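In the two complexes below, chain A is the common chain; its partner is chain B in one and chain C in the other.
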Partner chain A sequence: MFWKKEKKQTLQKGQQNLSLGLLKEILANLEDAEIVERQKPEGQCFTFIYIRTLIDQERMNEALFEPVLHCTNESIQDCISTSKAEEIFTLGEAEKQLLAGSVIIFDSLKKQWWSVLLTNNLGRSIETSDTETILYGAKDSFSEQLDTNITLIRRRLPVTELKSEKLKVGSLSETTVVLMYMEGVTNPEFVSIAKEKINKIDFDLFFDSSQIAAFMEDHQNSIFPQFQQTDRPDVCAYSLGIGKLIILVDNTPFVLIGPVTFFHLFQSPEDYINRWPVASFLRLIRYISFILSITLIPLYVALTTHHYQMLPLQILFVLVESRSKLPFTPFWEALLMLIILEIIKEASLRMPTKSSQTLGVIGGIVIGQAAVEAGFASKVLIVLVGVSAIASFLVPNYLVTKANTMIQFVFLLLSSFLGVFGIVLGMIIILAHLNSLTSLRQPYFAPVAPLYWKDWIDLFIRGPLTKMKTRPDHLHPFQKWRYSKRR
Partner chain B sequence: MAYLKKSIWMTIVYCVILITGCAPYLENNEIEEIAPVIFWSLDAAEEGKLEATTVVPPLVQEKKRILTMQVDLLKQSGKGFNLRYYRELKVGQLRVLLINEELAKKGLRPIINTIFTDPDISQRLYLVIVQGDVKDYIKEEIESQENLDYFLYRMLKHYERKRQGQLSIVNLHQFMQKLYSPFSDPILPVFKAENGNFNYEGTAIFQNDKLISVVTDSDDEIYQLIGNDYYLKYLPIPKLSVVLGHVRTNVDVTFNRDFTEMNFKVELKGRIDEYQGEKNLNDLDDLAEITNEINSHLETQTKAFLQKNQEWQTDPLDIGARTLTPFSRPIEKKEWREKWRNLQIKVKYQMDLEPLINIQE
Partner chain C sequence: MTSISIENNTSSFNGIYVFFIANRLQLLYFLYVMPTVLTHPYMIWGIILVGIFSQLNLILLSKWLSSEHASKGYPGFVHLFGQWMMRVFAAVGIVVIGIKVTVVTLGYVEIIHQFVFPSMNPNWLIVFIMAVCCYTASLGMGNAIRFSVIAFLCSIWMILLFYTFFMPPIASLPDLYPLIPEDWSNISWKGLLLIWSSLSGPEYIVCIAHLLNPRGSFLKYFTFANTLSVLEYLVLFIASLFFFGSKFLSLSKFPIVTMARYLQSPIFERVDIILICLNIFNLVFGVSIFLLCFYGALRILGKKLQTNHSKWGIQIICIIASVWLIAANKWIWREEHQSLLLNLEIWGSSLTYLLVPLFLLIFSRKKRGL
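Let's look at the complex of A and B:
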């Protein structure tokens, strides 16, 4: 079979001895591959082979051509001071180095091959986070460059206990993944589980940390994310400090944090900046909004379809008045409005910022108002859709916000069939599901189930920092106390 | 796979738990297709029949209609109303039940039982006894006041919630509680529908489920003070030309060992809001005299009210419940009734009145 033959060839390539001819063969049809031959005044010839688009060309002249061609030392290693030159022997090594942004140098006199890393540091500068904006506190966020991201974390945790291990995933993308953890704090079991999971990954392309998460998650069919994704270095540093590990992926500004619990997804970096009573209040509001966003519209459908008895009389009058001339049943009315809302939400995400503002106005005011006037939706429902849409945005994690929408639709169906019982049933299913989930094989619903009382100080409320003397028990940290004197 | 199985099993278990006890057939309760009635009036009709009256629809913008039916059984009226109105009448929001005085005298047990066992009807339903013809009153009033039924409900709700000590407000739950208690008898408020007015008359005292008597005016005020809300915003005593304001009481009842004598002690706090008599409120002797007069007047009134109840063999004040102590055997119902009838009553008021004075003599 022809593919078997090709596989055999690839294997051989890794071990083949280097020769200029073979290298040229590999680089055939690569428009950006350059092979430059330069001669020293005394006659020694050097061949520089590189991929133009991957290397820093300006630096190449200063750091490579000039020193190599005008150097009197015997070895190239001694000539280059700004970069490190490594001797290479196989074709496979050369190919790898070329694609990593190295210049391969062939010394024709000594028949030696060298590689010098001159990666092009093209990329964004450090900017403010768009997804997790806060008013106070650090504004920097991760970029697509792995080293920059590691630097941002190291600056916050300048200790040698902060370990980083480099791993590779993706047979085509060869994506670098860096696993970071605090030695002596993070439970080594998490590290070994994470490493085992990363090593098991067998897939060709990775261009986002979400894809890595998809392969590492214990339950891939769940709608709840089992890794926290953040582009904020301060969140990563805090997570490392309390005993979690982080996974950085090259070319992605989003870092994976694990193991997480359901409740971690409701925490915002601003929680630790605000005064504790204020932060606690805001956190409680977030939980309430989450519940509101998934139950408000299903409750409307349940009450107007099945349980008119449960409504206070005044509200019943308003509802009867509002619904008296509508052509749709509450379920279809709610479904229609929710689908329109989702369309508006998705459209505003895909459009340029200025257009999305216009869309918001058209969607919110024009469609909302017109739907009521045309008799497609009741005024009460429009108010509820608005409230539940705003409430859904209060959850800091975007992936949970999207999960909310799914749950809302399912609850809507259940409520139209079974009324409030349907919503209760849905809640039970969600709770049962959340209880069965794990993140890096740690319970997802901790510290509620299994119960860790002490961790409740930073769960539904954010207690005073001075009272948070220990790291969360559910993360089983190696160093329990956060005070250095108690260790 | 294991977690999926676990989830499915848990869901099935919870479904079984939830669905147990629920009606297997769903009714169409979409609010735009139903007419939730909040008001029902029951009268005694000829040949032992019942006359049920209700007002539809609940919509503010639609014209109200009065529906009346003569039926043998209460639930027949619900069925009959449905056939005479384009929306399905539902009783899930029934909030006020007006019962004619004559009907109440015959006994409310069959009516209350029917209503109480209907799972749709809430126990927050207010029960009211009516003197006069409600139907005529509604017919007259509905032209000028479209939401008559709703306003009546709001009024009852207001007086129940704020505990203003003006009316006796009783809901189905409270009525049933007293009906089944061995030591007390139910009460209900009485309203009179007459000449386009719907006025509060007093409190109906029941013996079991039968209306025995209606206490009105000063007797009703005494009842509010010592048995219902223990508070009256105004307590006028025209005989003494005085009005007491913000009157609060604390009642202490003690019995002798063999339950032949009862000491009824009332601590009363309030202020003299209005005085139009001859005496000078600035003068301490005069004030003491007025207080004494009020004291003896209230003592006489209270004693008379309690003795009336002894005569009727009713106990709306739950006095029987005060015989209960944590470590003794409760008295049997029959025994208590016997003792109550023959009890010697001693009433004592302890007054703390403050005169409101702004004019120097």
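Let's look at the complex of A and C:
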């Protein structure tokens, strides 16, 4: 079969001996590939082969050309002090090194091939996180450079127990993935599961950590994220400290944290900065907001369509007055407004910051006010849509917010058919689904189901830090205690 | 570093799950109709007395659960009874579970139809409820067991709302008299049987014994579950006595729900609709466990235990169950036949609750003696 043939050829290419002719053949039609020949006064000739756009050209002159051409030592390795030279033997190795940002040097006299890594470290500086902003606490966030990201974590956890393992994924993108965990804290089963999953990935291109997550998730058809994605080093360091592992992906500022539970996605870095009663209150508000965001509009439809007898008379008067001139049923009215809201939300995300502010004004005042006056929506619904939209943003994880929207639409449909009963049926399905999910093969709905009572101190409320003496049981950490037992 | 198995921690359920399962299975449909049958205030003692008997029964059950046979699962049962007997038990189990699921589901559907959707065709309600039960059951026994925690947390708090019925002016102590029956012949054995039947359900834990951690302190959790169930029954019965009074209690078909119609909140004037709907958590949990047991019994009958569980299998069972429930709702769950089905369920549940632990313990002793 033809693909087997091609595989065989690739294998041969990888093992083929190096020659200038073959290298030139590979680099044909590569505009940015350079082959430079330099001769020493005594006659020894060196050929430098590199891809201009991948290397630091300023460094090349001072770190490579000058030392090599003026070197009197036997070996190139001894001449280059600022970078590390490695001897290479096969065409495959040369190709790999070239694409990684190395300069290949051919010593014509000794017939030796060397590679010197001179990668061009392009990248932005360390900036504040846009997706998880907090008022107090560290402001730095990850960038696209893998080494910088590792440094940011290592600075927070300066211990040798913090292990990092490098893996490669993507047959075309050759993306570097780094798995980090705390040896002696993180359960090794998580590490082996993660490694097994990464090694099993068979795909060509990876540009983002969420693509890696898509291959590593236990339940790919679920709307709930089974890995936490963050660009905050402090969140990563905290997660490592309590027994989770993290996966860093090259060229991505977002890091994957696993295993996670549904409840981890409601935790914010600020929870551990605020005083514990305040943090607990805010966390409870977040859960209430989540429930409100998915049930408020469906409840409006359920009450106005099926169970108006549930409402006190005064509220009923307000509702009847508000809906008296509307041409649509509550379901269509709510559906229309929710779709408009989603359009505004998506548009404001894609537009420049200044334009999105204008969009907010147009969406909030013009469309909202005009919809009521034109008789498309009731005032009560506009209020509820606004509350529901704001409530959905209280969940710190953006992926959960998006899942909220989908749930809201499904609940809307159920409530129009079955009223409150439909919403409850929908909730059962969601809870049963969450109960069946796993993240790195660990229960997603822990510590509620399966039940770990002790972990409830940091679940719906955030208990005092001094009382949180053990790491979460549901993560099965090797070191259970968070303080020295001698104390 | 030595490795520990996380899989064992998730698949082997601790004693606490026994508490959730037993408690929720004890509070299914009969909770709503029990006060109608008991009516007399001195039946409070009946609930306590039967609760104590139930506790004795649970002691036997917990003893068996801690035995070697229980942890083996099906081979343990075969060792005790033999394959032929197991098939007989499976056939009986299918009938008993079938009746239980029918009564529990149709009972709830009747409540929802009467109090929430009087104009809706009840067949639609059956279809929707069974679809959700099917989904929960199709996720497997492990997830169904874990769902007991969710069902418990979503429904237990509702009992607290009934505190208002214990407050004057609704509550009047003379409504609780006489606490000692004037004439012993008045004590309804049917009422006692209904309480016993209502407290049944924990016997189905034998079907999942192999999934439980054998080191779990089952008796402790059974005791908590049984005590909580008895307390819930007592609270609801006393509340209904305060609300209706002994004489009028039998006039309401669903006294607990009727009482709940008078509960109010500043936002909702009728809280009962929400309460009835939230009780579906309990129903879904119970029915999904029963459906899985039903499926297991069918596999024993069909000698298919060696083959892997199939999602299709449980889905076909659910479709058959839904069709059966729609048919039963049309032809059997009518005034003239309803009491027959209810009596069958009361007797069936009472007998399984009495005999299952007894049989298991007697046969275990017998085997040990041999």
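Here is the rule we go by: the second predicted complex is superposed on the first by the 479 of 487 C-alpha atoms of A that agree within 3 Å, B and C clash if a C-alpha of one lies under 4 Å from a C-alpha of the other, contacts with A are read in each partner's own complex, and residues count from 1 in each chain.
To be clear about the criterion, a residue touches a chain if its C-beta (ideal position, glycine included) is under 8 Å from a C-beta of that chain, and two chains touch if they have at least 3 such contacts.
These numbers come from a predicted model, not from an experiment.
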| item | value |
| --- | --- |
| Touching partner for A:205 - first (chain B), second (chain C), both, neither | neither |
| Which of chain B and chain C A:219 touches, first, second, both or neither | first |
| More chain A residues in contact - chain B or chain C | C |
| Chain B versus chain C as contact partner of A:189, first or second or both or neither | second |
| Touched partner set for A:109, first chain B, second chain C, both or neither | neither |
| First, second, both or neither for A:319, with chain B first and chain C second | first |
| Chain B versus chain C as contact partner of A:285, first or second or both or neither | neither |
| Contacts of A:305 with chain B and chain C, given as first, second, both or neither | first |
| Partner chain(s) touched by A:366 [first = chain B, second = chain C, both, neither] | neither |
| A:478 touches, of chain B and chain C: first, second, both or neither? | second |
| Overlap of chain C and chain B interfaces on chain A (superposed complexes) | 306-307, 309, 311, 313, 421, 424-425, 428-429, 432, 436 |
| Chain B to chain A touching residues, read off their complex | 3-4, 6-7, 10-11, 14-15, 18-19, 22, 26, 29-32, 34, 36, 38, 58-61, 90, 92-93, 95, 120, 122, 150, 153 |
| Of all residues in chain A, those that touch chain C in their complex | 183-184, 187-189, 306-307, 309-313, 315, 418-425, 428-429, 431-432, 435-436, 441-443, 445, 448-451, 476, 478 |
| Chain B contact footprint on chain A (complex, rising order) | 219, 221, 304-309, 311, 313, 316-317, 319-321, 323-324, 326, 329-330, 421, 424-425, 428-429, 432-433, 436-437 |
| Of all residues in chain C, those that touch chain A in their complex | 1, 3-7, 9-10, 13, 16-17, 112, 116-117, 125, 128-129, 132, 135-136, 139-140, 143, 146-147, 149-150, 153-154, 266-270, 273-274, 277-278, 280-281, 284 |
